[in-house]
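One structure follows; several queries about it will come next.
Chain IDs A, B, C and D follow the sequence of writing; residue 1 opens each chain.
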Amino acid sequence: MANKVLVETTLNGETVEFLCEPRQSLLEVLRDVLGFTGAKEGCLTGDCGACSVIMDGRVACACLVLGPEVQGKKIETVEGMAKDGENLHPLQQKFLEHAALQCGICTPGFLVAAKALLDRNPKPTEHEVRFALAGNLCRCTGYDKIVHAVMDAAAVMQGR
Amino acid sequence: MATQEAKFKVIGTRPIRHDGVDKVTGRARYGADINLPGLLHGKVLRSPHAHARIKSIDVSAAAALPGVKAVITSADFPKLKSGVVPLGELAMNPLYMSMNLLAHDKVLYDGHAVAAVAATSPHIAEEAVKLIKVEYEVLPHVQDVRSAMKEDAPILLPDVRTSGAPEKSDKQTNIASQVRFARGDLDVGFKAADIVVEREFNTAMVHQGYIEPHNAVAQYNADGQATIWTSTQGAFTARDQCGLVLGIPASSIKVVPAEIGGGFGGKIPIYLEPLALLLSKKSGKPVKLVMSRGEVLRATGPTPGSHIRVKMGANKAGKITAAQVWMAYEAGAFPGSPVGAGCMTILAPYDLENLQIDGFDVLVNKPKTAAYRAPGATNAAMGAETVIDELAEKLGIDPLEFRRINGAKEGTAQPAGPKYLRIGYLETVEAAKNSAHYKSPLPKVSGKLVGRGVASGFWFNAGFQSSATVNINTDGTANVVTGSPDIGGSRASCAMIAAEVLGLKAEEVHPVVADTESIGHTDMTGGSRVTFATGYAVYEAAQDAVNQLKQRAATLWKAKPEEVVFQDGVVSRTTNGQESMSLKELAGKLPRAGGPVGGRASVNPRGVGPAFATHVVDVAVDPETGKVDILRYTATQDVGKAVHPSYVEGQMQGAVAQGVGWALNEEYFYDEKGTLRNAGFLDYRVPTCLDLPMIETILIEVPNPGHPIGIRGVGEVPIVPPPAAIANAIYRAVGVRMTELPMSPPKVAKAVLEKK
Amino acid sequence: MEAQPEHKFKVIGTRPIRHDGVDKVTGRARYGADISLPGMLHAKVLRSPHAHARIKAIDASVARALSGVKAVITGADFPDVPPEMVQIGENFVNARNLSMNIMARDKVLYDGHAVAAVAATSPHIAEEAVKLIKVEYEVLPHVQNVLAAMKDDASVLHPDLRTGGTAEKSDKQTNVANQVRFARGDLEAGFAAAEVIAEREFNTAMVHQGYIEPHNAVAQYNQDGRSTIWVSTQGSFAIRELCGHILQMNRGDIKVVPAEIGGGFGGKTTVYLEPLALLLSKKTGRPVKMVMTRNEVLRATGPTSGSHIRVKVGANKEGKITAAQVWMAYEAGAYPGSPIAVGCMTVLAPYDIDNLQIDGFDVVLNKPKTAAYRAPGATNAAFATETVVDEIVEKLGIDPLEFRRINGAKEGTAQPAGPQFRRIGNLETVEAIKNSPHYQSPLQKSHDGKLRGRGVASGFWINAGFQSSAIVSINTDGTANVVTGSPDIGGTRASCAMIAAEVLGLKAEEVHPVVADTESIGHTDTTGGSRVTFATGYAVYEAAQDAVNQLKQRAATLWKAKPDDVVYQDGVVSCTTNGHESMTLRELAGRLPRAGGPVTGRASMTPRGVGPAFTTHVVDVEVDAETGKVDILRYTAAQDVGKAVHPSYVEGQIQGGVSQGVGWALNEEYYYDENGLMRNTGFLDYRMPTTLDLPMIETILVEVANPGHPIGIRGVGEVPIVPPPAAIANAIYRAVGVRMTELPMSPPKVCKAIAEKR
Amino acid sequence: MATVFIPALLRKLTGGKDRTSATGATLRELINDLDRQFPGFRDRVVEHGDLAGSVAVSINGEVITGGLAEPVPTDSEIHFVPAIAGG
């Protein structure tokens, strides 16, 4: 058994400790060690964005981050977006209302990337949205409804 | 039969899909999310050669690695006889299936599976795979259809003989089959033409590009029963295929369909399931296999590249007088390209008296092709629709007007022969003509040349077998169970159909996609069939439930069932005393009225309604770099009856995006050794949201007379027109006719240069 | 629907390996507590340390502040539930009382009553947090004995409670929730005609079902208002109903997924944790898991009633019973609803009696609300009647089995409740015991001076019908799947598969049974009342017939024949016309795609024609007069099982029922101290039988086909628990000459009785 | 009398005829009649006693699902076409 590392990090606002092999990626840690399967594997080369997480405020591909690297960092995943059992995050709500998902495999990545965008730029233009989401591939929707949903969510969060 | 004038209360609305919250919260369980106690992880060793004989395989070092629990090669498969067996509505050759799953004596393409390992961690399995020693004798390979058809071409499968050939021959060949459709008299037809256009086209092999890689988790039980969790388009199809290749009864396998992250036809065949099952049988533990993106591209089923020749003649009036097509499709390493569909679709939008279409299914050293959204139709349309555009241009007729003149309508004979029932092709042409897009002038883009193109597309759509049960809950709501994996929102459409029949809200019906033991046989999700055929079964099952509800009410009222009517969720009694009850009330009384109510239906519906689409696109071409930008895109389509318009639009927008990728960027690139060089999303470029504008959709509803609600399949046809439409737009922009897919910057730049 | 007792079965009556067997012997079967979800929280419950107290204040602030705690709920978080009666199968449950039972509001009514619940990131944090919740109680006087609770001056549990049932209306506060009476003929005349009369008083202790798997629940509330509950339960649809009413949610929005269940015996037919977990999940947005400790299971789930019973029976010289009078009061626990009515219906049911009167009282007291336990209410009742009957027999000098033959109920006999029995097998079981090797063989003398005796007793159980749904679908290879909604607690997956196999002409192994969740199958009532193989089996039978009819139609299509010209037998369809073609199911299945498509059969029904169950047991015991310890030497149970679908599992039901009865008879009891606190809240002190306490248990299956079922099936699971305490008491009497009138007959009590006799 | 259109690659059997008339109340009888007219026809469209998996039949514009037992209305127009699945 490869010698494991003890890592402490903050996941969706909660302190978590885990043991992982140095070669295990953050994606493996989230999915196989911690059981958080929201982040998906699409390519393992950082090209598809299905495993997007927010690491210290910036979007990262969990497949390109090693488990031990998240020591002391703040990680946000799709599982942390809805704050309680009755209310979704506006982005989640708008994705539903706009039918912005079909198979749904890329949805967690898009939601996380979109949240990172709105956290830093609350009033993005369509081009800014498309630019910010260019790292996330979707093969079902043609992006049309996704972009609409993100713009609408931004408007709602702005109270417009 | 279709209730054309029917006023729908639920059908046509846009409720939030029932599986939505699970998918936006990350709770939805996809195949790769399945985890079981003691789970082992498997990896596959794949061929580095395009064509080679396997002389020996030595797995001893791999088996000896600590943590490795099982290693399998094709020797672990049962010996099978070659021959086609019917599989539901499909036909398969179990031997070829088995040879594709794990190479027997030869590897036939780069990435062909050779062995598989199960270990306690994916990393150990990876190490172990590298320790397997395989001795190859490399053989000459062939990857281009026309070279593969040559007499002296290297032969992939010695036992293949051309099926469908006019006369039987015993010659070894790579031509697996041949089809011809012919009618009228070509010579007469071309003589009658004032203008004839003939061109040759080459299109590249492309992949469906679903974001979720193939996966399978298998648990083999000591009593011979097995369970497989997998993301598949057909749980029953996967079960039957596994049964065939492993030589065990299909029913001893239970397939639990996980959520599926895209399929587009590519997740109908099996790749990992039998390997996981064998590894589990050997190790006694559950085994999980998940493909890397590289494996998905190298070793699953893309759609064929093709060589197509199209010759058409038309008279001054703009009427097509004759059309001749010759097309050869790459089958990949085993027979079975969609060339038949290509032949049947390529001229389908038009009313033709004199035509001949020849198609060839050709083996090449590339992965065995699989279905991809309207399989065979898109590259075919690239050929026909650009030639049509050239005819229209040369005759100085508006391309949409040209299609109006020649367009197929009810009663027109298809190229394959049968006459169309009510179809909406001309309506889509009209809609495109009257669209805000087509009426508006071309935008200007500084430094770039702009052009507008149009193209049409056709797809048959499928019927096939489906089962459904509809159960009434004690609070008067209902559940719908089907066996159709949901790849595009079909859970929502099935629930809405049941809600419509039962007079409930869409939210009051809970749809479930069940495993192969919990619902009757249901063919795969594909051919745009689910909302049509499974929806048909749901409709019938809901009617069955309604009839039982009437009987129950009749019992309560001591009336005859035929005296009871059910409408909008209310049962009422027509004779003596206008008694009536809401479904909610009746549901509460069922325990004392004969018990619960469950409706069921298993169907194989006929009356499939084909789909037509016409697209308009504006492009901007950079004459220096050859880069093509999509400025505006409008898709019109006959959708029969849109059950949930948002998801119909979604199907159209998604397909257009795939068509744009096919047109401009995507291609399988093999080097001289026959090795795939762009086996990742970095080099195999699928469109991102930066590559696309908003995609405007126009839904035309020409109800399908063969369906009680008028439903037609909508998912596939919208991928057909984009490449041709874009090629036509490029011509209008820079005056060159592109005849190769993808129309990537270098090719466009070269064409522009040659013209100068 | 007439049974065909002569019918030759090919699958029914064989002993195939159960379909869920391998999963269970390999540890793969998934029970409720085995469920784990991403981001799952764990919850614990704070329980009352008092038998009866008013809750003055609850302060959870410290608990909430503990790091890792995500939510705390108390009674204040629950909606007000109208006191409506919810129909669960044929039973009606007071939703309001149920809501107060799972989470106390203004008062706690028993030791262990839930007061608050905490969800945290780990079970240990939740435990800590529970300890940090401060509750201020005003302790009230408690009452735990039925007779005391019935007194006018007894401490009242529910000020608004009035005696219901057949009693005349009164506005007095009381603990008597309900009163039942069955009476016929003329008691005085009856007793006047009697040669001998025996009359005795009995007390039986509250006992628990003792399933090994504690209660559990995992709940996920979804932001769209829909939720899912994974739980080990006897009734997934009942859980859905009850949660819907308690939380005032649409039942259709709740999906209950039945996990494998580790024993229930009636105790897992209601809710305890499910609504708590759901509410906590709603507050936190995360899945919440709750699992009880054994202590919680014993203190706060539903045991069966302790009781006080008086029985008076008279008989003439010929041994014919001339009159019988019964008075019984059952402990309901903290809320109304003991099985008193069933007790009254069963107590004299094995006998044909012209003059009888039975009075029953449902009494609330400061103990946990009782729940069903295998033939609820019948075992303690039988303990009383069957010992009094044994005393009559002894006084008349008649063989106890002969006496039962003389008085035994048969087809046409009017039950105590009134209706006449249809074809039943009561006398056949008496006969079977009479002829059994056990009863025929003499009682061996003990070598070490211990005293031995042989006792017999009979038992009756009503059995249930209720609603069931089933789906039977044909696979492409000609095998079949059976989907039902009945959680499998005794091998019912096997029996349902076998019934379908019989109809379709397949092997048992060729039918794959599935127990589906509440969204995947039509409404199906709770697994209980020995109903599953009867009622769900009936639905399976009908669904399989539905499939057969479709198969005939498909074949007719292929043959261009009329469906009526096609016959289906033993898995072969054949045509009586058109050249008498024929096809196996396998062949036909392969051609379905071109013959109209797949085949799915379905049935949803409330079957009538429930067939009651009778049984007669004989037991040999050895009593150590010094210690009072009673050992079971030999045990034989004869039972009318209607038609045994899978004999091994029928035997298993009988043997399991007997051993539970033995525990009830000799050891098990709820022991409360003067403060009303339960003192034996673990398996160490609540002693259930071990392998050492029992001999092999011989079974005799008597098959008197139930005329109300196409295959003749009767429920078999419950009745075998009824006779053991009485049979053992009678054996003890034969051994040491004392009539035991208290359960359990534990060593001290037996010892004391013997001492008093000397 | 039904009008049957002969698939191009089967016209060798029919001496180049692209359509013919045939009788039969069901598809099975109709194919038997075609095989009488053009020996070898049945083997090209029937496998294991059922319609070949690769063949679909259209009667009056509708692809049928009844297999060989499918009733054939008089004066029907019948086409043999490849079976198509799709993605």
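Heads up, the rule we're going with is that a contact is a pair of C-beta atoms (placed from the backbone, for glycine too) under 8 Å apart; a residue touches a chain by one contact, two chains touch by 3 or more.
What you are looking at is a predicted structure, and each value in this text was computed from that prediction instead of being measured.
Relative to the centroid of every protein C-alpha atom shown, the closest chain centre, again from C-alpha atoms, is found for B.
With chains reduced to the mean position of their C-alpha atoms, the one farthest from chain A is D. Remark: among chain pairs A-C and C-D, A-C carries the greater number of C-beta contacts.
Note: centroid distance chain A to chain C, computed from Cα atoms, is 49 Å. Averaged C-alpha coordinates put the centre of chain C at 62 Å from the centre of chain D.
Averaged Cα coordinates give chain A a centre that lies 56 Å from the centre of chain D.
Per-chain CA centroids place chain B at a distance of 52 Å from chain C.
Each of the following residues of chain C touches two or more other chains: 38, 222-223, 593, 596-597.
Residues of chain A in contact with two or more other chains: 35-38, 79, 82, 88, 92. Within chain B, the positions touching two or more other chains are listed as 16, 20-21, 25-27, 86, 89, 208, 263-264, 604. Contact annotation for chain pairs lists A-B, A-C, B-C, B-D, C-D, with touch applied as defined.
The touching residues of chain C, when paired with chain A in their complex, are 36-39, 121, 221-223, 281-286.
The residues of chain B lying in touch with chain A in their complex are 14, 16-17, 19-21, 23-30, 32-33, 35, 121-123, 208-213, 259-264, 290, 292-293, 487-489, 644, 646-647, 649-651, 653-658, 680-682, 686, 688-690, 692, 694-695. Put simply, chain D touches chain B in their complex at residues 5, 7-9, 12, 18, 47-48, 50, 52-54, 58, 60-65, 77, 79, 81-87. Taken in their complex, chain C has these residues touching chain D: 557-560, 591, 593-597.
Within the complex formed with chain B, the residues of chain C that make contact are 17, 19, 21-23, 26-28, 38, 87, 89-90, 220, 222-224, 226, 237, 241, 244, 250-253, 255, 466-469, 471, 473-477, 479-481, 483, 510, 512, 514, 516, 518-524, 550, 590, 592-593, 596-606.
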